[in-house]
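What follows is subunit A paired twice: with subunit B in the first complex and subunit C in the second.
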Partner chain A sequence: MLAYLIFALTIGGIYALLALSLNLIWGGIGLVNLGLVGFFALGAYASALLTGAGLPVLFGWGGAIVVGAIAGLVVTLATTRLRDDYLAIVTLGLAEVIRLVALNERWLTNGSDGISGIQAPMKSALGNQGFNLFYLALVSVIVLVVWLALRRLDRSPYGRAMKAIREDQELAGFAGKNVLGFKVQAFAVSAALAGLAGALYAHFQSYISPDHFQPLITIYIFLAVAAGGVGRPAGGVLGAYVVVFFLELTRFLPDLVPWLAPAQFAACREILVGLSLILVLRFRPQGLLPEQIVPAPKS
Partner chain B sequence: MTILLQALLNGVMNGALIAVPAIGFTAIFAVLRYPNFAIAAYATIGAFAAWWVNVHFGAGILPALLIAFAVAGCVGVSAEETALKPLRGAGALTVAIGSIALNTVLENVVRLFFGNDLRGYDLPLVPDWRFMGLRVGPQQLQSLFFAVVIMGAVFAFLRYTRFGKAMRAVADNPDLARLKGIEPAHIAVMTIFLGAGLAGIGGVLIGLDASIDPMLGFRVLLTVFAAAVLGGLGSIPGAVAGALAIGIAEECALLVVPATYRSAVGFAAILLVLTVRPRGFFGERAN
Partner chain C sequence: MMKNHTLNRRHFLGASSLLLGSTALPSFVWAQGEPIKIGTLTPLTGSGGPYGPVMANTVKAVVDEVNAAGGVLGRKIEVISEDDQTNPEAGVRAARKLIDVDAVSAIVGTWASSVTTAVAPLCWESKTFLATVSGADSITELPHQGYLVRTQPNTTLQGRKFGEFAAAEGAKRVFFVSPQTPYAESQFQNITKAVEAAGGETSSLIYDDKKPSYRSEVDEVMRFEPDAIIFGGYTPDTTVMLKELYRAGYQGKKIAFAYAVNEKLVDSVPAEVVEGCYTIAPSSNESSTAYQRLVKLIGVDSPDPYTVQVYDQINLIIMAMAAAGDSSGTAIKDAIRKVSQAADGTKVDNAVDGLKLIAEGKPVNYEGASGPCDFTDKGDISDSSFRYEQVRDGKLTLIKIA
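Presenting the complex of A and B:
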């Protein structure tokens, strides 16, 4: 039971990083990334391949961050000049292409069989139980650091400029803010964070395959951010743990509803997830932890 | 040469099938100003509704298409009115996110009742026709015929009926349309019915080619988007031209890349268009 709790909390931390990534652009600057899972997968594969080639784990994570950021730049530079609904469509497409590449380029990704035996840092020294605890602590510390950094960003002049762009980009541009620059930077940082989350996931699971990166994960993260509170980093983190708690809870439910086939049960779960997202957007758009707008210091 | 001609032929036929849901998507965008991702679920629902009447009541293709149109249209209107309409006040982005959640819900409702198995329509198998070294299936030709007839009907509807004209007026300038006494709320309902219904028909036409399962709509979603973006979001003739271009591009690309990359062609086309000519073939200025 304890081992299971540790597992769930680690996954919760990884989802929290994804939620922070999404919140940075959705809550921060008013863009959405419907292909979040694609960047997540990109980071996972990048780190798995780099460490598989013999590099230390930290290099793998760095590589995941860089690859994520580059992918983010490519997508935004093609589309940020345009309306944001184009960006939504393009990110969805990018995730699909990443999935196709992971599935078909066997020489690189081993196709649908996936990559196994991904290095688990310190596992040989710590043993199974020790490794899981160590990794939970590591992921939690990273979440904490990223959360603090993003909260700091939120309250800085940079964060205020981002929110000004979210509210009215023409006005922000008129006030002398480099709207395109802010968007590209925010999206690249957000994509890099998703890449890091992917790397953490890969080294935790030791095994990744295209099946691990279903489009549903993107919906989970949207639910996490919406339920937690769009525009407030703490909200996304809280939302991510809540969503993981809910998802893990439903694992124990099939015993209670034995008349449902496993596929039907899974369908019910996804219906609940989708329904919750719609209900949150409608009845509690500010989420559990509403956004705080800190007034700018008087100068 | 024959290979290229065959690819061209297949491309036109696939493109015509994609054009039907692409018109639905772009029409909804033109009037309601948000990208409706639930179009995927509407296509799936149409395909399953048609399959149901086809297999259980022996309905032919034409009645099955009408059922698909009606069922997908009604589901679309009820879903829009209950789930998405209340989100409109929060902006297009929120509605778009809501439509993705809605798509998840509807797709999984289909999965709940029908499972993940592949199903085929109960239709006689007919061997392909051959002429001049080209192959074409009578089934495909029939689907092409229906697609063309449906597109003709849509164009006639938009051009000659009161509702069609009102729809174009609202798409063009909602405030001016309101001044002229057109009720935008009615037009929105009409448009969703038409858009979701067309997606439903598209689902059947695509399913007739192979088989149907709950992911049918989601698999073609990217291609439908690509067609609409290529033609210019909100432009109905654009969606048709975009769909044909995507269909042909996909088939030609498959001559050099593996078939599994089919949907990547749509993505490449979107990126290319956005970089070179953001408004698409016939779109309004995108800025």
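Presenting the complex of A and C:
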């Protein structure tokens, strides 16, 4: 049971990083990135390939951040005229493109077989249980650091400028803010975070394949951010842990409803995920931890 | 209040004697033993959704049968079904719950190759046995230390069957044409091995499956002067290829996958183009007694190959636990080949009969619904039934299942 809890909390931490990434771009500057899982995949593959080529794990993680950031730059620069639904469709397509490239470029990604045996840092020294604990601590510390940094950003003049763009980008432009510059930077940082999450995931599981990166994860993270509170980093983090807790807790419900067949129960689990999103949006649209707008200090 | 107290004395006596009695209860229950836990990890949702539910039900049905007959090692078996969502990320989370919380001895039924590859390391690290229906060659190459077997024939075995069939039909010069697929390379290597063993020769050509015409490809094929051509493609490109070969006057044998040369293809081309073409597909052993028992057990007329395989997996695992006298994953790993392929074993087609024989100390050899169910050291099945058909008078006609 303990091993399972440690595992669930580690996955929760990786989801929390993804939620922070999405919250920065969606809650912060108002761009809908439905391709989150694509950047997650890029980071995972980048780190798996770099460490597979013999580089140390830290280089792999650095590489994942860089690759994620570059991909973020390319996407924003290629879609500067797109907003809202149109950007959402393009990013959704981008994630599929990344997955299909991973599936077909066998020389690089080993195709549908995926990459197995990815280095798990310190695993031989720590043993199974030790490694799981170490990784939980590592992921949690990274989540804490990123959360603190993004909270700082959120309350800074930079964060206020981002939110001004979110509310009305023309007005922000009139006020002298470099709208495109803010968008590019925010998207790059957000994509880099998703890439880091991917790298952490790859080295935790030791195996990745194109099948890992289906849009399902993006949906879970949207649920997490919506439930936790759009526009507030703490909301995203809380939401991510709540989603993982919810997904895992529902596994134990069959004992309560023994008359349901496993297939029916599996379908009910998916229905519950959707239902909970609807209920949150209906009864608490601001999320569990609503956004705080701190007034700018008078100067 | 006082009245209540006095009345309660009798209740107190009764209750305390019950309590005393109940201390004896756990030891009584203990004699029966805690249930042995087995997990199913099948795709209940996602693209594997059509298969997983029936697979999970089949495992449950077999276990119910065994439990009704007294269980195994004097204990009942409990099945815990999880959903892998046809997704390795979700599959790993489900597998961790089965392993860490339920402490299952074995997981059966992983379907997608990516899910199996993701779950396999968790299994061998926790000494949990894993039986899968995934086909990718790479799965049994993993360092699984014996904790993994699969009942689905891999590409190597399928290639060998094509080659052996061509050689048996008297072909000396066999040509393999295929689009670029994950299987093409391994398929050709194993065809070659089988044909050369029979004194023949092979050659191959990989083509682009989006081309509208294969004139130049067919020229190259004809230059080899083959007496048998094996098609590795799917329905659309195989259709074009068959037409071009007919036009080029090819008279030799044609052998294709059953999923490529299917009813649809046969109906859509002129009869003479596809006449005489053979098709090969992995098949359940429909004439086996195990298959007929399975059909009766789950009430499905023609169960899909994965259901048939998962039926064999759960029967084998239950018998392996009995043969080892222990229900752990390691015990299953060590004993599974003793019940699947004991040379001097009595042939059995279900676990209930097998358990009786094992209790009498007799060796058993399970002959399953999917085939003989014999495993190599790597965990692949060494042989499987294949279904051979031929297009005769414009109809796919069964030749043999072997």
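Quick note on the criterion: the second predicted complex is superposed on the first by the 284 of 299 C-alpha atoms of A that agree within 3 Å, B and C clash if a C-alpha of one lies under 4 Å from a C-alpha of the other, contacts with A are read in each partner's own complex, and residues count from 1 in each chain.
Convention: contacts are C-beta pairs under 8 Å (C-beta built on N, C-alpha and C of every residue); 3 or more make two chains touch, one makes a residue touch a chain.
Because the structure is a prediction, the values reported are computed rather than measured.
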After lining up the shared chain so the two structures overlap, which partner does A:Leu100 touch, if you call subunit B first and subunit C second: first, second, both or neither?
first
Should A:Leu288 be classified as contacting the first partner (subunit B), the second (subunit C), both, or neither?
neither
When the two structures are overlaid on chain A, which partner does A:Val66 contact: first (subunit B), second (subunit C), both, or neither?
neither
Pick one for A:Asp84: touches subunit B only (first), subunit C only (second), both, or neither.
first
Under the stated touch criterion, which partner chain does A:Gly274 make contact with: subunit B (first), subunit C (second), both, or neither?
first
With both complexes overlaid on chain A, does A:Leu216 touch subunit B (first), subunit C (second), both or neither?
both
In the overlay, answer first, second, both or neither for which of subunit B and subunit C A:Ala261 touches.
both
Across subunit A, the partner (subunit B or subunit C) reaching more residues is B
Shared subunit A contacts, counted only where both subunit B and subunit C touch the same residue
216, 261, 263, 266-267, 270
Note which residues of subunit C are touching subunit A in the complex, please.
40, 44-45, 52-53, 56-57, 81-83, 85-90, 92-94, 96-97, 100-101, 112-115, 117-118, 121, 125, 136, 138, 142, 182
For subunit B, which residues count as touching subunit A in their complex?
34-35, 37, 83, 86-87, 90, 92-94, 96-98, 100-105, 107-109, 111-112, 115-116, 218, 221-222, 225-226, 229, 233, 258, 260-261, 263-264, 266-267, 270-271, 274-275, 278, 286-287
Considering only the defined contacts, which subunit A positions touch subunit B in the complex?
30, 32, 34, 78-79, 81-86, 88-90, 92-94, 96-97, 100, 103-104, 215-216, 219, 222-223, 226, 261, 263-264, 266-268, 270-271, 273-275, 277-278, 281-282, 285
Touching residues (chain side subunit A, partner subunit C) in the complex:
1-4, 7-8, 11, 106, 111-114, 116, 128, 205-207, 209-212, 214, 216-217, 247-248, 251, 254, 261-263, 266-267, 269-270
